[in-house]
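Presented below is the structure to which this report refers.
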Amino acid sequence: MKHSLVRPGIVAVFTVFAALLPYITGNLYYLHVATVIGVYWVLIATLNLLVGFTGQLSVGHVGLLAIGAYAFCLLAGGQGWNPFIALLAGGGVCAVIGLLLGLPSLRLPGFYFAMATLAFGLIVSELAQAEQWLTNGSVGMPAPSFPAPFDTPWGFYWLVFGIAAFITWMTANLARFMWGRAMVALRDSTVAASSVAIPIYWTKLIVFVFSGFTAGVAGGLYATSQSYITPDAFIVNLGIYFFVAIVIGGRGVIIGPFIGAAVLAAIPELVGPLAKYGTFFYGFILLVVVLVLPGGFGELINTLVEKLRRTPQSSTHIEPDLEQLRTAIRPRA
Amino acid sequence: MSQKALRLTGLGRRGLLAGATGIASGLAMPAIAQNKPIRMGWIAAVSGMFASNAQAQDWGFHQTVADLNEKGGLLGRKIEVVMRDSAADPSKAVSFAKELVYNENIDVLCGPINSGEALPTLGIVSGAKKLHLIGGSVEELIDPVKYPLGFRNLNANGQWIKVAVKFMVEDLKKTKVAIINDNTGYGVLSRDKVTQFLAARNLKPVYTATVDPNKPDVTDELLKAKDAGADVITEWSNATGFVARLVNARGEQNWDVPIVGHPTILQEQVAKLLTKRSYWDNAYGLGYRHEVVDAQGKLPDNVQAFMDKHKDTIGPYMAAGLPAFLQGNAAVTIYAEGLTKAGDPDPMKVKAALESIPVIKAPYGPFIYTPKDHNGFQDEGIVLVNANALLPNGGYPPVKIG
Amino acid sequence: MLLVIISGLALGGLYGMTALVYNVMYSTSKVLSFGTGQFAMVGGICTAWLVLDLHWPLWLGFVACLASGAAFGWLSEVIAVRRIVAASDEHLWVLSTLALSTMVQEAMSIWWGTDPTPFPRVLPQEFAGAFDQKFWLPLVLAVAMAVGLEQFYRRSMTGKLFIAMSEDAFAARARGVSTDRMRSLSYVLAGILGAMSGFAGGQLTFADFALGTALGLSGFIALAVGGIGSSVGALVGGAILGMLTSLTTHYFGAQYQKTIAIGLLILLLVVRPQGLFGTTRVRQV
Amino acid sequence: MSDTLEAKTVMKRFGGLTAVDGVSLELRPGEVHGLIGPNGSGKTTLLNLISGYYPIDEGQIRLCGQDVTRRSVRQRSKGGVARTFQTPKLVLSLPVLDNAMLGGWPDVRSGFLETAWALPRPRREETALRERAAAMLRGVGLSGVMDRRADLLEHTAQRFLEIARALTLRPKFVLLDEPAGGLTVAEIEHLGAIIGVMRDSGIGVLLVEHHTDFVFKVCDRVTALNLGRMIAHGSPTEVRNDPDVIRVYLGA
C-alpha cells in the first residue's frame, strides 16, 4: 500500500505497449504470434491460480481448451449464434465440465489428481475423434470469426487483448484479497488452512471451475485465431507448455507466467528449426527450473526487490503490547 | 496503390515491365527478371508423427527445385525454397503459413502435407491471395469456390476408397466385405466411405470393427470377421503396428483371405513387424500407376529418369516408397508448368494457366485441373498392388488374380 | 473367447508389472514417478536396437536391456528425485518426473522415430494362437516379479530396509540407515524391473516410443485399483484393467476404451480411495 | 453449563496402541487449563481429537452444549476453537501480516466473483481485517516484522505469530500445543502475560506444556496424563503434590 506507485506504473506502461503493439510491428505474422500468446494467456492466467496458488497440478486443461473451441465453433458456426454469446456459452460448458471433473478428482492427492486430469485430456481427444456426428472427426471444422470491428487481424488482437486484460485484472484481485491468501494457505499447509476454517475442497473446486470457464473462453478465441480446428490441435504437449510457462514465470506470482508464456511461444516461432525439439526443450526447461529455481523468475524478482527495499533487520525482539491486545481481542467490550 | 489497379486490369507491375522490355529486345528480359527469384514456400512435417514419409517428400521437393535451377530456373529466374518444419502440429502449421504468406513474400505455398495440418491453413492462404498446392487427401481441402487458388497435388481419399472397393468387387470378385479400421478420425471416416461405396453397389459389409491402433492383439476381431462369413478384409489405418498385427493375426489363423487397404500395408515397416514374411502375400495396398513396372520390369520412363538422376542421394528415401518423393516432385512440377504457361507469377494468372493446361504429366501421374475441379489427379493413376511383390527398384508387378 | 481372456490377462500382466515398479520407487521415496512407464519403453527399444539392428545375441540384448533400465533408474533418482525429496514438496516431484519423462520420450521419438518397430522373438516358436509366448511371457513374468519382490522384502536385508523406510523414513534414518543409498538402490531396482517388463511385453507392444505414457497411465490405474504398496494389489489391479479393456473392446469396439478404463479409476477412488488391497494412512499433524 | 468445550471419556487407538484412554476434560471460558504428562502420554493426541484432526474412536466432544464429535476441523474452527501447533504451521511464503489475517477467514463474507471484481465489500473487509490482524500482531509483540515473509522469521517469533493468527479468529477457546518450547526466559514471561490477557478477555485456554513451572504458574486447573489415562486433576497445587504425578512425571 505504501510503495504503490511503482507497480501500477509498470502495469500502465505494459498495457499501453500491448495495446499499441499492432502499430509497432505493423506485420500480420507477428500480430498473429502476439494474438496467440494473448489467447494462451487467457487460459494460463487462471490456470496459474489453480497450479501456482492453489497447488493443484492439472495437466488436462488442454482438454477444456478443446471443449471450449468445439463448443464455440458448433454454436457460432453451426447454430449461427452470436459469437460473443457462443464464447460465453463455451466458457459455461467448460465450467460445468470442470465441476463434474473436479467433484471427484479434487478430493484426491496431488499425483492422483494430475493423472486424472491427464486422463481427462486423453478422453477428450478420444471423443473428439470418435464422435463424428458432433465434431466432424479428424476433418475438424472451420472457426467463425467475430463481427466487426473484431473481424480483422487487428480487431481480433484487441478483442483478445481486452479479454486477457480483464481476466488478468480479475486474477490479480483474487490474489490480493482474502481468497488469494486462502489459496496459498491450502497449497502450503492444509493443516494451517483448516485450522482457520478455510474450506479446502470447495476452494479448490471453485478455482477449478473458474479456470475451466476461462479455459473454455480461451478455447473459442483459440479456434478463431487458428481459423480451423481439428483434434490434432489439442495435443497433451500443449498442456506441458502451459505448465512450463507457469513454472518459469513463478508460481504464486500473477504476471510472472505471462513472461514465461510469451518467451516460450516466441522462441519456436522466431527460430523455425527448433520446432522439432520444441517439446523436448519444454521438458528440459521445466526440469531445470524445478531443480534450480523452484519459485520461478517471478519469485526470484520478488525476493530481490524485497532485499533491495528493506534494510536487514536484526533478531526480532518480542515486546507485547498488552493493552492493545486486550482491546483487539474484545473490540466492543 | 497503382499496383492494385494494374492487377485489376490483369497485369501486375512486374508483368508489365517484363512485357514491355520483352518487346523492346527479346534478350533483355531474363536479365531484369533475374534479380528477383521465385519464392516457393514449403511446409512439411519432417519431424513428428509422419516424419519418414515427409522426409522423402521433402527430398523430392528439393531435388526437383534443384533440377529446375540447374536448367536456369523458371521464367529465367532462380527458385528459392522457404521451408518450415511443422512437426505434425496444426497450430505450428498455421503460424508458419502466416509467416510465409505475410513475412516471406512467397509466390506459392506448397503444403502442409498432412490433411490435419493443411485444413487450418486454407483460409489463411486464400485470404492472402496466394497460390496453394495442397498435399492432403481429405475431400474438404478442395473447394474452387471457397478457395479458388487451392489445388491438390495428390489423389483425394475418396478416390482411393473408390478404387479399393472396385478392386475387391470387380477384380477379386468378393462381396462379403469385413471392414477393420482404427479409431482415429481418419479410420472412422474411411470406414463410412467404404460403406457408402459398397452401398452404391447394393452391398453391405458383413462385419465392421473399429480398433485402438495400439491394441496389442487383433486376433479377436479377425475371428469375428471370419465367423461373419467375410471373404475379404479391408483395413483403414495408417498405423504400421496395427496393420502388421492384423496381417500377423490372419497368418497365424491360417486364414487365407485377401486383405485390401490403405497404402500403409505396403510399407517395409509393416513387413519388418511380421512374424513371417509370407504373411504379406495376398495383401493388397493402394499404389500408383507410376509404381507398376512393365513386362520388362521397368518403371515408367519419367519416374526412372528422376530416380537415375538422383541415384546418389535417393538411398535413405527409397524405404518410404516412390509415391512419397514423387509427391514432393509433383508439387514443384505442377507449379512450374503453370508458371511457365502463365509467364508471370501472379497467382490469378497461374491459376488460369493450370486450369487451361490439358494435362500435366508429372512423374507422380497425370493431373487435369478445370475451373470447377481442382482435384486434378485421375482415378486411373491409382492401382492396387501386391504387398509382397515389391521389386528392388521400388516398383511392383501388375497384380494377377488367381 | 479364450483369446479375449488371454490377451486381456497378458495386458494385465504388463500393467501389473508397471504398478509393481511404481511401488518399488514409492516405498523408499514416497514419489509416484510420471516416468514409470518410460523404463519399459527404453528397455524395449534398447533390446530391439541391439538385437535386430546391431545383431547382438538375444541373451546379451536382455542383459543390456536390464542395464539400460538400471542406468535410467539410477539417473532419474539422481536428477529428478534426490534434491526434490529433500525439499519435500509434492508439487515439485510431480513436475520434475513429468519433465524427465517428457524429455526421454521426445528424445526417443527424435532418435528412434515414431513408428513402432519389431521386437525379437524370445523363444523359438512354430505355432500361433492363444499359447503364443507374447501372451504368457508378460503374464508369467508379472507373477514371478510379484513373488520375487515379496521374497526380497521378507528375506533380504535391503528389502527389509525398504519396508522400514516406507513405514517411517525418519525412524530408519535415525537408526543409521543410509536412506539416500536405499533410495538410489530402489530406483535402480525399479529401472531393472521396468526394463524387464518392456522386454516381456515387447512382442505384444513392439518397440514404440509412445509406450511409456500409455503404460504409465494404465499402470497407475492398476496401482490405484489394487492399492499402493501391495504386490497382490498390483497384479489384481492390472488383471482387472486388462480384462476390462479386452472385454469392452470385444463387446463395444474401441471408441470408448480409455473412457471406460478411466471411469473405473474415478469410480473406485471415490468409493475406496485406498484401493482394494491398500491400507488407510493416518493423517499426521 | 453450555459455554464450555468438553471432552467426555474419549478414546483413541493407533493400531494396537491406545493413545488416549477414556479421558474427560472440561474447558471453561476465562480459564487456563493445563495439560501435562510425560512424552507419549497422549497430550497432543488429545488436542488433535478436541480440534478434530483425528477421528475419535469412542467418547464425545461437545462445544457450547453441541455435539461436535463428527464435525470437521473447519466446523470446529468456525465454532470458535483456535489452536497452535507444536511445530508452527504457517503459510511460509506469505508475509507475517497475511498469515495473521488468515485467522479472520471465518468472518469473510465476500464471494469469489465479488472478490474478482473488487467490489466494495471485499475492499471493506480487507481493510478491517488488516487492522484487526495488525492490532493482534502489535499485541503479541511482532509490530516490527509485519511485512517480512514468514519463512524468514525466527522460530520463537513464529510461535507468537501462530498465537496472533489464532486470536484473529476471535475464538472462544484456544488450544496451545507446547507454546513455550524453545523460548527464552523473557519470552516465556511475555507468553504468560499474553495468556493472562486471553483469560481476562474470557477466552478458555488449553495449555499443553512440558515446562511445568510455567504451567503451575499460569494455569487455573491442571490435568495430568500418563499412558493415555488421566492420573490427576485439580488445582495446580493439588496436582503438583499428587503422588502419582510426582512418581511418573515430576520426580521426587
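We just call them A, B, C and D in the order they show up, numbering each chain from 1.
Quick note on the criterion: a contact is a pair of C-beta atoms (placed from the backbone, for glycine too) under 8 Å apart; a residue touches a chain by one contact, two chains touch by 3 or more.
A quick note: this is a predicted structure, and the numbers were derived from the prediction, not measured.
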Chain closest to the assembly centre - both centres taken as Cα means: A
Chains most often in contact, by C-beta pairs: A-D
Rounded Å distance between chain C and chain D, as computed from the means of their C-alpha atoms: 45
Length of the line joining the C-alpha centres of chain B and chain D, rounded to whole Å: 75
Where chain B and chain C are represented by their mean Cα positions, the distance between them in whole Å: 41
Multi-chain contact residues (two or more partners), chain A: 126, 130, 191, 237, 276
Where chain D touches two or more other chains at once, by residue number: 53, 85
Of all residues in chain B, the ones touching two or more other chains: 47-48, 183
Residues of chain A touching chain D in the complex: 170-171, 173-174, 177-179, 181-182, 184-185, 188-189, 191-200, 206, 210, 252, 306, 310, 313, 315-322, 324-331, 333
Residues of chain A touching chain B in the complex: 27-29, 32-33, 36, 126, 129-130, 132, 137-140, 142, 226-233, 235, 237-238, 268-269, 272-273, 275-276, 278
In the complex with chain A, residue positions of chain B that touch it: 46-48, 84-92, 94-96, 98-99, 102-103, 115-117, 119-124, 138, 140, 183-186, 188-189, 192
In the complex with chain C, residue positions of chain A that touch it: 55, 57, 59, 104-105, 107-112, 114-116, 118-120, 122-123, 126-127, 130, 187, 191, 236-237, 240, 243, 247, 251, 276-277, 279-280, 282-284, 286-287, 290-291, 294
Touching residues on chain C, where the partner in the complex is chain A: 32, 34, 79-80, 83-84, 87, 89-92, 94-96, 98-103, 106-107, 110, 213, 217, 220, 224, 255-259, 262, 265-266, 269-270, 273, 285
